[in-house]
Amino acid sequence: MEAEKVRQIFRLVSEKQISVEDATEIINNSGFTDLGFAKIDTERNKRTGVPEIIYGEGKTAEQIIGIVEAMLEKQNNILVTRVDSQKAKEVRKSLPQLHYDEVSEMLLWEKNPVAKTIGKIAIVTAGTSDLKIAEEAAVTAEAFGNSVVRIYDVGVAGIHRLFARIDEIRAAQVVIVIAGMEGALASVVGGLVSSPVIAVPTSVGYGTAFNGMAALLTMLNSCATGITVVNIDNGFGAGYSASKINHLAEAAK
Amino acid sequence: MEAEKVRQIFRLVSEKQISVEDATEIINNSGFTDLGFAKIDTERNKRTGVPEIIYGEGKTAEQIIGIVEAMLEKQNNILVTRVDSQKAKEVRKSLPQLHYDEVSEMLLWEKNPVAKTIGKIAIVTAGTSDLKIAEEAAVTAEAFGNSVVRIYDVGVAGIHRLFARIDEIRAAQVVIVIAGMEGALASVVGGLVSSPVIAVPTSVGYGTAFNGMAALLTMLNSCATGITVVNIDNGFGAGYSASKINHLAEAAK
Amino acid sequence: MEAEKVRQIFRLVSEKQISVEDATEIINNSGFTDLGFAKIDTERNKRTGVPEIIYGEGKTAEQIIGIVEAMLEKQNNILVTRVDSQKAKEVRKSLPQLHYDEVSEMLLWEKNPVAKTIGKIAIVTAGTSDLKIAEEAAVTAEAFGNSVVRIYDVGVAGIHRLFARIDEIRAAQVVIVIAGMEGALASVVGGLVSSPVIAVPTSVGYGTAFNGMAALLTMLNSCATGITVVNIDNGFGAGYSASKINHLAEAAK
Amino acid sequence: MEAEKVRQIFRLVSEKQISVEDATEIINNSGFTDLGFAKIDTERNKRTGVPEIIYGEGKTAEQIIGIVEAMLEKQNNILVTRVDSQKAKEVRKSLPQLHYDEVSEMLLWEKNPVAKTIGKIAIVTAGTSDLKIAEEAAVTAEAFGNSVVRIYDVGVAGIHRLFARIDEIRAAQVVIVIAGMEGALASVVGGLVSSPVIAVPTSVGYGTAFNGMAALLTMLNSCATGITVVNIDNGFGAGYSASKINHLAEAAK
Amino acid sequence: MEAEKVRQIFRLVSEKQISVEDATEIINNSGFTDLGFAKIDTERNKRTGVPEIIYGEGKTAEQIIGIVEAMLEKQNNILVTRVDSQKAKEVRKSLPQLHYDEVSEMLLWEKNPVAKTIGKIAIVTAGTSDLKIAEEAAVTAEAFGNSVVRIYDVGVAGIHRLFARIDEIRAAQVVIVIAGMEGALASVVGGLVSSPVIAVPTSVGYGTAFNGMAALLTMLNSCATGITVVNIDNGFGAGYSASKINHLAEAAK
Amino acid sequence: MEAEKVRQIFRLVSEKQISVEDATEIINNSGFTDLGFAKIDTERNKRTGVPEIIYGEGKTAEQIIGIVEAMLEKQNNILVTRVDSQKAKEVRKSLPQLHYDEVSEMLLWEKNPVAKTIGKIAIVTAGTSDLKIAEEAAVTAEAFGNSVVRIYDVGVAGIHRLFARIDEIRAAQVVIVIAGMEGALASVVGGLVSSPVIAVPTSVGYGTAFNGMAALLTMLNSCATGITVVNIDNGFGAGYSASKINHLAEAAK
Amino acid sequence: MEAEKVRQIFRLVSEKQISVEDATEIINNSGFTDLGFAKIDTERNKRTGVPEIIYGEGKTAEQIIGIVEAMLEKQNNILVTRVDSQKAKEVRKSLPQLHYDEVSEMLLWEKNPVAKTIGKIAIVTAGTSDLKIAEEAAVTAEAFGNSVVRIYDVGVAGIHRLFARIDEIRAAQVVIVIAGMEGALASVVGGLVSSPVIAVPTSVGYGTAFNGMAALLTMLNSCATGITVVNIDNGFGAGYSASKINHLAEAAK
Amino acid sequence: MEAEKVRQIFRLVSEKQISVEDATEIINNSGFTDLGFAKIDTERNKRTGVPEIIYGEGKTAEQIIGIVEAMLEKQNNILVTRVDSQKAKEVRKSLPQLHYDEVSEMLLWEKNPVAKTIGKIAIVTAGTSDLKIAEEAAVTAEAFGNSVVRIYDVGVAGIHRLFARIDEIRAAQVVIVIAGMEGALASVVGGLVSSPVIAVPTSVGYGTAFNGMAALLTMLNSCATGITVVNIDNGFGAGYSASKINHLAEAAK
């Protein structure tokens, strides 16, 4: 395919339809983008409404405004992660069209509504303290066009709460398990479902929870098979990866 | 659905078709299996040839033989991971029908040949030292009925090697990236493909590689999106999770 | 026993005393609770006045109020851990009947007074800086109906202070040892008493105390036998476990 | 009581029944033993058959033989932990009366048979690789006169195995949960039983299992209440602490 | 000597000069203090003016005032470490006679002036940022009656600064070396002097300085012999240990 | 050369041009500076305008003012690193001639303009959050007389951005790569250029980024050759080392 | 330049001197090598005799032989690092022309003798135990055509040994400092020389040396400026980076 | 003093008694040795019989023989640390006059018998497994002319063993406390004695003992004052530092 693309440029040169200089510029000046690594994605995004993502942490309100404005020219949907309420307020002064989700601390603009999948992503949390990260995953997954089912506060300390909703979890195409403290929920869910499981350790806990390290190690060492893991508190990453998998599966329906 | 199953047992009791004692036994003695957590899987496995897995490390040859023999009665396919050549030799004295894969250090018995998927799992490694883990992932994926494409030794120190085969990688449904030392290959591949990426850190390296910890941290913190991670040297886990995703996608073809 | 319970339901179905639908609902809709994992506890709690526990950290005042109000309908005693004074103030605006213990930072409501055990739990601390954690353990133990004896500030730097009160410590059914810095008190007490010892490392100290890690390692590696350990600063957990042991012993009196 | 003991010595001196020199020697030469810290235990041990314990690791066969021979003069029962089979063989050349338990790697001599408790200690393991540590706990508990029920290989990857035996676990006075890898079993069991739970992390696993660190952190941070923890692979310590608790409870029967 | 003391009590009993009850009380009620572990120290302190020490961190102003007032009744000198300026202000409202040293953050009251040693303690720092810790060591040493020579800001980046003052350092009885960042100064000084060296790592630095861990490791692994180490930022501990050594040496003059 | 210098002093003594006392003082009082370790540098600095550096962190505004004023007497150029804007404001009240660079948080005074090199130092960053550290490196390098080319925000998540500017990077004499999170950019650049690469891990990221530790390990373990590393966030150190290398190369032009 | 190269291909196509297919193949099949990332290097190597490097660790003798034979066809010089003597013996059975350096554990074949630089790389070690790593750096640097001066066993415990040879060190273009234990030598040398310093921590030491971690942290946090660091025991990396810098400087002579 | 030495050389030059060239050589060629940093020590050693020390680990038998032979020419006493029995055997083939101490794994040659101090160094260990390190400290201290009292196996698990010998410990000038596992003995001893205490963590233990890290942290964070610490298993360092202190004190007798 790539070969085909380059071949066409050569044909155009050979047929004198474009100059040697222009052809050279296409190959060189635009870097490797012309060879297809990123451009195609961009174009698909424009067609489908899949959002552009901005990592908000460590950026000033001014920087975020600048990047969003540049993006909006291309008419993309927008998702800004990790924006605290104060910074969100400042950004929304200049860009009132952005919606701020208080729980997940994300800024969103859905210019081109995205159709939702039939298959579902189940988002399962151990406790109520994992809410922020869970919503970061949920809002991300929804922004990328996924149907999401939220099953919160079903940690293993009262495992009957989990079993009461196990059918919903098992019906999902992909399961995201979010847990802090010891993170054992990932192993239990992993042993009960046959769909792929993405585990998110959270920094909930104290002492030897080591800001999520205990949960991370639990998840990486799970005796249940079929679990993969993302960074501590990385709800966005889990939602994004789950979306990729869910869309692969969706094509089958 | 589960409710339906229990309802049927009650109907049978109500209609005196089975005794109270038998019904009680079905619910209780078999634990929750009857409620569907594991049994269905087992039956599906029998039909489809998907293998049972034994974690070989820390088990004696005798223990492995015992477990395999018990499993064989149920006519399942078998996959034993992490068996060194000496232990494999001992096991094969009793069970010569098992095949030993020298590179991945796995014992296999494919009694019911599994059909291969059309969609592919790409397994990409940074160096030749990652071979054992890569083959553990590859052989696992193949045993679970996946088509696998191996793209080895394309680490970022010579990034042109990676670009030379990028089309094959991008064509896969799922990509497994395996790297030790600094593990940067996962980020680079993650930035170039749109399919889900599972990263496997390996214990290749010395000094501050900390037996795979450096690669693990790299992969968990990847600036590329859509990457999930498994334990250090967990080729099996990556192959198994990739298989789950690939089969979700396969239904679409 | 469980088998007996299920058998009774089957008998009722068989005798047409309850409908198939109702029986199914009992088994299924209520999850596994009906099979006794949690419900029995709840009922026992109601009878005995043993409190329900809420982990207050990471929950808003509103969330705590909501949970407490839901619990109060069931007439349970209440224990909310890790509530700072500001949050406690907010909660008590809506729920003035809750008592706030300033030192242990707990909210309590003892609706059904709990009888105290004859046997005692001794709570021993190394320094005055461990007071908050010690009181968290003490108040927890008392809320669960235990007699508590407080022996504070007897760290090994002046070991004669410990020996002066060793008889009281040795008279207890269970001993909780609470220490920060190097946590050596646990080993010394462990070598002097014959009752079970629960050690609580605290985050008191600086530099290589690593927020309680030094004390934790000391306690896990104690050369004295009969010591078990809980998380850093987990006074509640120690009080709760000690209560379980003390009540086992109490039945003997 | 201690005061009483000292008072008696003074009375004897006052009544000239023992000399000043002899009394001085009793108080001083024997250190604080005479004041009761250890002697009473020793005597109780002799009466009850409770064994003396020797930590075998890091001691030569010669050293073990010497210590055992010294102890045997006092007619105590003997328990030597962490003796590999080679060293055990050497010790048994000189002390053939010692029994060697191959699985737990302990040397035992039960000269005075110990009566077993009515109440039970349940020992629950996640996998077969935890066997050595589990047996160290079990043999220790039995040597100290406890009835033990072994429930092995019921890890959370197949949680139905655990539920199939939950009644036996719940019937025990004390529960020891032994697990490597991610150690999630402790949290699940902790959420299902009301008796005290002692968790033992094992060094089973690889990569980020960090030789038991992952399981340890899981157990310390368990969201289930009533769990205390011992050092990695410390089966002996768990068995010993469980014995202390079980004997407290036993008095009640 | 101890034996002698007990013998005297027995003699007094034997001679009916004190009652059996009184003798018993002396041995028991006062714990082991009467056996001389702490009391003698206390008395020596009173005679010599050596101060009592209070660890101020984690104590409220009220607690410090209470402890100081109790101590003052015994007419001891006082040293309170780690008191920030705000807390010091509060304490001095009640106890204006206490002097507050702004740099070392210590409260002092020298009621009985202590004579200074002839031999000196040299306190050597790598940079000006180590000043607070250095002064904590210096003020402590002086409070305990030592002559101190301060040699600050002679880190190895400009090693000539150190050599310019090496004679003063070599003339001291004990040398305290205080350094953050990489802490190399301890090794260099350790290689140049023949007196005992106490090294204090400080939390000065950033990134991989890990709040003093880098300096601590440097000092523990020094290739120079004769160096011992205290906790990170433990200027007090270094000053106190140096004082002990210096007074041993002083007796020789 | 050094020998020559000392020989001259001896000659002066031998010729009675300076007194024995004066000669002794030159050798001794000034430490080893006279033997050339630092003085020559100072003199060269004066001639060339290369700045004196002050590490601003952990120093008060008053201390910085004092040190700068002492230096200004010698007419040196000045560079103060790690000065936050508040402290900078205070310093500039007394020393208004100092320029404050907001991004790199440095105070500068270039009294003797430094000529810039022909050869360039390329400073390459992964993201916009690395800006502060990048500018610390850039401003340092410029202050020491280097031509700098800034290539920011070319992280591997979108590797085509890097390739678009690879020619500029390859043209530089030295390359500084600055990256947080997983730091993979260093490996990719290291594999594409033949000039020496200095890698700077930054504390950008969260969770397992461990404040720069993940990036540091990546860089230390890079599979690309020719990369050396400095401390986390040490932009100054990278700029300074790069300057040393660039000046070595410059002599060749 | 790159643009020029692509332009030429277009010209050839435009002039029909090569076919569209051939041109396409040149651009695509060979990946980006044709665009100059690696090929030019390879060609330069052939001309200059600069060796190809093979990382020998984790490769079998057979794999090394295979890679070397493939390389020899291109007539390159060869350097194989980290080959233990047993493996070297096996390799040399097939490739007797390779020379094995016992100390650095490297295999070498210098087919095209490389001219040595005038400027020198000084390799300075703290102790004799650092010898292996030092020789790995030295042999690497020499293989790449550098003049090397070895200054071994001059650690700071006896700093006069270092000063005795400081002139030689200061005369070098680049200095490599190699030290284990606390690694303080890097800071001392860094404060005495004006050339770039590359520090190599070694795994020499025990206890808290943590296999080189203590030395690594020392070097990363050095208070001396102008020091960059490589991985623990990475003598090769230091030699290679030093060579790059030295050749930059060499052009100036 | 140093100034005096240099002044003399100048006088000799001034008086033409030595040539300018010779004077220059004295100052320069011999580095700083001539300025007295090491030479005086060497001479003192010769007079007093204080031994030269060789760190044996990581050195071959040949290297040790070479160094010892060089030293013997100067007629020094010799101490070689960390020599396993196999290596000792090889060394003693060439140097049969060396005595090998099996327990401490040291090679010794006392050519000039050293007088022993009146004051004592007490060496106190927690268990019998600490024996090797304790003897390394003891033999070192004795080789440097100290009287040593060994008090072994008095760990806090049976604290009465410690009290039985506390008088001997308190009578010593310096106390070395050696303990593995949790290392609590250091704190207990530190609280009971008034002499300086040097604590040595040992690598005895398992699991979270982390090869001595647990004991190290305990000792660094000791709530008892007057304790300084050396590296894990560094018996030599403790013996050496204790000797320095004891000799300071000895001068007083």
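Each chain carries a letter (A, B, C, D, E, F, G and H) given by its place in the written order, and its residues are counted from 1.
Keep this in mind: a residue touches a chain if its C-beta (ideal position, glycine included) is under 8 Å from a C-beta of that chain, and two chains touch if they have at least 3 such contacts.
These numbers come from a predicted model, not from an experiment.
**Student:** Which neighbours does chain C have in common with chain D?
**Tutor:** Looking at chain D and chain C together, the chains touching each of them are A, B, E, H.
**Student:** Comparing each of C-E, B-C or C-D with F-G, which pair has over half of its contact pairs in common by residue number?
**Tutor:** Most of the F-G contacts reappear at C-D.
**Student:** Starting from the Cα centroid of chain D, hunt down the chain whose centroid lies farthest away.
**Tutor:** Farthest from chain D by mean C-alpha position: F.
**Student:** Cα centroid separation between chain A and chain D, in whole Å?
**Tutor:** Going by mean C-alpha positions, chain A sits 50 Å from chain D.
**Student:** Approximately how many whole Å separate the CA-defined centres of chain B and chain D?
**Tutor:** 39
**Student:** Averaging over Cα atoms per chain, report the distance between chain A and chain H in Å.
**Tutor:** Roughly 60 Å separates the two chain centres.
**Student:** At least two partner chains per residue is the criterion; list those residues in chain B.
**Tutor:** If we look for residues of chain B contacting two or more partner chains, we find 2, 29, 32, 37, 127, 158-159, 192, 207-209, 213, 216, 220-221, 225, 231-232.
**Student:** Using the contact rule from the top, write out all pairs of chains that touch.
**Tutor:** Applying the touch criterion to every chain pair yields A-B, A-C, A-D, A-F, A-G, B-C, B-D, B-F, B-G, C-D, C-E, C-H, D-E, D-H, E-F, E-G, E-H, F-G, F-H, G-H.
**Student:** For the complex, give me every residue of chain D touching chain E.
**Tutor:** That would be residues 2-3, 6-7, 10-11, 13-14, 16, 20-21, 23-24, 27-29 of chain D.
**Student:** Sort out for me which residues of chain E touch chain F in the complex.
**Tutor:** Counting only chain E, the residues touching chain F are 127-129, 158-161, 163-165, 204, 206-209.
**Student:** Along chain D, where are the residues that touch chain H in the complex?
**Tutor:** 29-33, 35, 37-38, 55, 57-59, 63, 201, 203, 211-213, 216, 231-234
**Student:** Using the touch definition up top, name the residues of chain B that touch chain A in the complex.
**Tutor:** Contact set of chain B toward chain A: 1-2, 37, 41, 53, 166-167, 173, 192, 194-196, 198, 216, 220-221, 225-232, 236-238, 240-241, 244-245, 248-253.
**Student:** Under the stated contact criterion, what part of chain F meets chain B in this complex?
**Tutor:** Within the complex, chain F touches chain B at residues 126-127, 155-159, 181-184, 186-188, 190-192, 205, 207-210, 213-215, 217-225.
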